[in-house]
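You will see two complexes here that share subunit A, one where it goes with subunit B and one where it goes with subunit C.
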Partner chain A sequence: MPVPRVADTFKGAVSRVTIGATAEQGGTRTTTVTVGGALNVVYAGEPGKLGEKPVIAVDVLDIAPEDWAEALAGQYKDVFGDPAAWAKKAVDEYGADLICLKFDGIHPDRGDLGADHAVRVIKDVLAAVGVPLILWGSGNDAKDNQIMPKVSEAAKGQNCLIGTVTEDNYKSLTAIALADSHKLITEAPLDINIGKQVNILVSDMGYPLENIVTFQSTGALGYGIEYSYSIQERQRLATLGGDKMMAMPSIVDVGSEAWRTKEAKSDAPEWGPAEARGPMWEAATAIVLLQSGTDIIRLRHPKAVATVKNFIKEMW
Partner chain B sequence: MALTGLQIFKVLPKTNCKKCGKPTCLAFAMALAQKKASLDECPDATDETRAMLAEASAPPMQKVKFGTGDSAVELGAETVMYRHEEKFYSPTVIAVSVSDAISGDELKARIDTVNALQFDRVGTHIQVNAIAVVNDSGSADTFASVAETVKQASPLAMILVSESADALGAAAGKVADSVPLLACATAETADAVAKIAKDNKCPLVAAADSVDALAELTEKIKAAGVEDIVLCLKGMSLKEEMYGLTTARAAALKKSFRPLGYPTLSLVLGGTPEEQAGKALSLVSKYAGVVVLDTAEAYAILPVLTTIMNIYTDPQKPVQVEPKVYKIGEAGDDSPMLLTTNFSLTYYTVESDAEASRVPCYILVVDTEGTSVLTAYSGDKLNEKVVSEAMKKFGVEDMVKHRKMIIPGYVAVMSGKLEEETGWEILVGPRESSMLPKYLQDVA
Partner chain C sequence: MISIGERINGMFLDVKKAIAEKDKAVIQDLAKRQTECGASYLDVNVGTAAADQEGTMAWLVETIQETCKTPLCLDSQKPNVIAAGLKAADTSMGILLNSSPLNKKSDAEVLDKYLEMAQSVGPEGKIIALTMDKNGVPQDVDTRVAIAAQIVEKVMEAGLEMHRLFVDPIVLPVKVPDAQQQPNNIIAAIGQIVFLSDPPPHIVVGLSNLSQGSCERSLINRIFLCMAASHGLDAAIIDVLDEPLVDALATAEMLLNKQLYSDSYLKAYRNA
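Presenting the complex of A and B:
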């Protein structure tokens, strides 16, 4: 019996964003990554409309983290404090598509390190790995505005993805991303209207919409993931409906959020062994968010990377 | 598909008799279309008219129940494709399998393991709600006898999984009074299995390898007298299954296509616990009514149950935590006392950052009807009276020796009034919870 198909009337598409530049393109990356391109919501219509495969960015911190759960820290202890070796491990051993270099150490509360440190880190990591880089600030506006432009400059020509800019703090980073030809992450606090607003603001500065990746903020499984889920889904629907100001690929920060949860890090044997539970919670958060439509996933634990990669391979 | 007023008008008596209380039949038809009147108010409506309206107003997806008493579960009755449009109604039922190829102590242990897959997280009890007996043995007698054992040893709603009509018949005969879900009937077994389902009054899973074949099969089963049907797409990759489930859901909800207007069941048997959980998470998010897993690993089941808890919440209603004083770490009578609201996202963010500080403390959570700090303050749901009453109600003065309350930076403006009302010293904390660890370490 023929089943009536619900015809898609969608006219928009998620823009395609390429990160990284090879030698021919003026950089030193050995690979580039392209995300976006979806023409439908996840699993609707034909499989060909899902766009590019989602990719995995493994977090590398510029300083040794102090508060990581043992099940996670154990995987990286040998490379803590050595971002280049850390990045190399994430690429060579764990199969990261990109490295997300997170500049925690420049935050006033976590070391308050200066531009010398940050520039040395970015140069070391660029030399150590060939994958494209995401350069992510500390979350402290004053320090990010002071240091991230130096980081951007040191990576000029590499076509990095740099962020994040928010509704209240977007001018300096947007200007520098424009000057150094990097792609840009716009951030909003789980509020789709602010998400659109910040895209409009950076676009008003002359920054091209097709170079933006959105970060709507991420809630871990069990801790607000439903908000992230519905905002991602609404962003995709707005895109398909033709809203150019929302038609960007998105990034989710699964690693740090998932590893803050009790389920990932606490000593609760009735929930299963900690070494399996944490990576599973992290992978689960990622897989659920993939259902709502997302493009770049920040992860930490190698087992979570493997589980999510395996899932993407099967479904995209 | 809902009828328009004009479509309804065409089948009314058109006598304008006013017996329904409306001036004209057209006015009555309009009221019916808006669901502001009932056809019962028209004494002259024909049976055909009644049947047509009943058909048009039937829900697009049937509700199906299995199990009995407290352990009965409900599937289906869904109305939307995206949770933000309204909400998803019937939380996915997670079933874990028990093979009939095991016996004795091994069988008993497996049943106990499945029964024990229950968790308390963030004040809510979540659990595996069904147990699926799988006919691996190939024997109808063994299947029936294991189903009986499961019935005795498990309070959970039961699913009987077999390709064989004989096996389903034998088992259903033994455990029919616990209303198991029979899985499944295929095109080849439809007649025999539909009869078993009908005779034993059990709901039935229809399984086929495409949505088109499935639609044909459900019509056949329905014609055989089985009303409670569950859909299953079998013999395909997860990817094909997800596209199929989405097509089926859209046809049912958007096109009122009755042959697919039923909830669904998916079998995820085999693979590592991580692979099974990954598939289940995808299925839970995209429309599965029942997912049968064979992993019983808590670390794989807990995230699946938590996903159901999250995805099936009502997006219009903020999720709340119980207003009370929460103790973080080994807090004592000299530990800091923090204030926040009972919007769950707000509370869990504060809780997680307070824990990250490693400073033992208390968090006083006041009832702001599940709104966040700023929203509550703007809506006057967070004011000095609310806080002072909560402090009395929860005996805050008896918990700590000091008289200092740390309030969120965003409501610094309420410090003065709060100090007057409570007599406590008010300390203004950071605006963002992420700065709490540093703040608490400095204060402590």
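Presenting the complex of A and C:
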């Protein structure tokens, strides 16, 4: 008896987004990264429909973090406060596909630094590494609206991925991403309906849907990962069903969320060695979310980077 | 919902006049506006006025495709008129042939002819088949479903995948004496036709026929469309320019969890 063909085919596909611009494309990146393109759910159907391989962005902070667990901070202490050297280490030694440059220092509660600082940081990092960049604001709307346009302008032509914009704060960053030809991250607070709404709002401003990467917010293993998983999955199913407003690649912030958990950061010898727990928590969170259908993973610890890279290599 | 724009039909006076005067602008404007309103296909029906139906079909197809690449739904009960449209058409975007009954007294092989034409186009050639046979249009649920089953069987035998078949359970004007049971019967039939195969065929209705001759046409159309959508109707030949109708449809699809809710879901539905 012949085996019936059960593979489903869908009418929608995740759009492909390319980040970074080489010299021929008007930038100075030595590599570019393309994500998206999946025509199916992860691990279902024909292998040819998986789309592009997921990629890893390593976090680089513009200032030295004060609250990182020792097991993590120990990996970067020599480059804290020097984002260019930090980025170079993440690329050369740890194999980052992209750098996620996080502008924590401009936040009013964490330094309240100005545009001069942020522009210097972006220029230094651009000079230090050849991989594409993600430029991520501080999370303070007023300060991000003031500083991130300057960051964007300083990186004009580099085809960065810049974010994030939310339902309540999208106009200035969307306009500047459009003007400087950067890709854009739309953020929603673990709410698929708001996720769709913010995409509609930015597309109403004339921003192309095919240049968007969504960020649905991330919960770490044991801390809401089910919500992240089901929302990522819902997004993929909506995409496959033909919902153009949801057909974008997505990014997850595993590094900072995994390292907020007590399992990762506590000094509790009865739970096993601290230097293993954190990277395991990061890697496990990342690998679960990969299966829900995500495209860019923000990570921190080099061991987590190596584990997840290996997983992607084996599975895609 | 796969929406098929109904306006390019010789039964409408503006189209009839445009056909008589070979006025391309009227046809092209309708094609463009329906496309902008989200039509997945544009129905093309020469109506009854033109003496040369084949030539008129070819002219309409060429006229439309000069300005837009929306897939067409060639609409005629005569295989030779469909063939004339097919010959003139760019079918690379897909095409829908509308429509054939299971069989006719005058032509037992009519469905085969439509199937052959659909196959000649390639994998994107699709057909609408009516739940109607040589005895005419059935009034009850069971006969509609029985004819649909024979259509499904025939289409499977011909080797077409089910997504290439649209079954039309035939909507009749509600105003006709004793016809008020028909909307119920059609909804009941739709509920059964979806179980004839897995995956099921598409189910389509020519919606505006329901309100033929009635007052409150738009209201009747949109209420029935939402009722039928909740029972499995997934395609309809409609007036996509009727804004309240499209709003109602978008809302029904959202409530049926076929579209993700967002505050701007009406806009998202049109842009999709």
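Details
Just so we're on the same page, the second predicted complex is superposed on the first by the 310 of 316 C-alpha atoms of A that agree within 3 Å, B and C clash if a C-alpha of one lies under 4 Å from a C-alpha of the other, contacts with A are read in each partner's own complex, and residues count from 1 in each chain.
FYI, contacts are C-beta pairs under 8 Å (C-beta built on N, C-alpha and C of every residue); 3 or more make two chains touch, one makes a residue touch a chain.
Keep in mind the model is a prediction, meaning the values are calculated, not measured.
In the three-chain model built by superposing on subunit A, subunit B and subunit C fit together without any clash. Of the two partner chains, subunit B is the only one touched by A:Glu270; subunit C is not.
Touched residues of subunit A were counted for both subunit B and subunit C, and B has more of them.
Look at A:Glu226: by the touch rule set out above, it reaches subunit B but stays clear of subunit C. Of the two partner chains placed by superposition, only subunit C is touched by A:Lys196; subunit B is not. Contacts of A:Pro2 after superposition: subunit B is touched, whereas subunit C is not reached.
In the superposed model, A:Thr307 lies in contact with subunit B only, and not with subunit C. Within the superposed three-chain model, A:Ala238 lies in touch with subunit C and out of touch with subunit B [touch as defined at top]. In the superposed model, A:Met246 makes contact with subunit C only, not with subunit B. Aligning both complexes on chain A leaves subunit B and subunit C separated at their closest CA atoms by 8 Å. Subunit A uses residues 234 to touch subunit B in one structure and subunit C in the other. Contacts from subunit C toward subunit A in the complex involve residues 258-265, 267-268, 271-272.
Remark: subunit A residues 192-194, 196-197, 200-201, 203-204, 234, 238, 241-246 touch subunit C in the complex.
The part of subunit A that touches subunit B in the complex is made up of residues 1-6, 42-44, 46-47, 67, 109, 139, 219, 221-227, 229-230, 233-234, 237, 260-263, 270-273, 276-277, 280-281, 283-284, 287-288, 290-292, 303, 307-308, 310-311, 314-315. Residue ranges on subunit B touching subunit A, taken from their complex, read 82-84, 119, 121-122, 211-213, 215-216, 219, 237-239, 242-243, 245-248, 250-251, 254-255, 257, 259-260, 273-275, 277-278, 281-282, 285-286, 297-300, 302-304, 306-307, 309-311, 313, 315, 344-345, 348-349, 352, 356, 434-435, 438.
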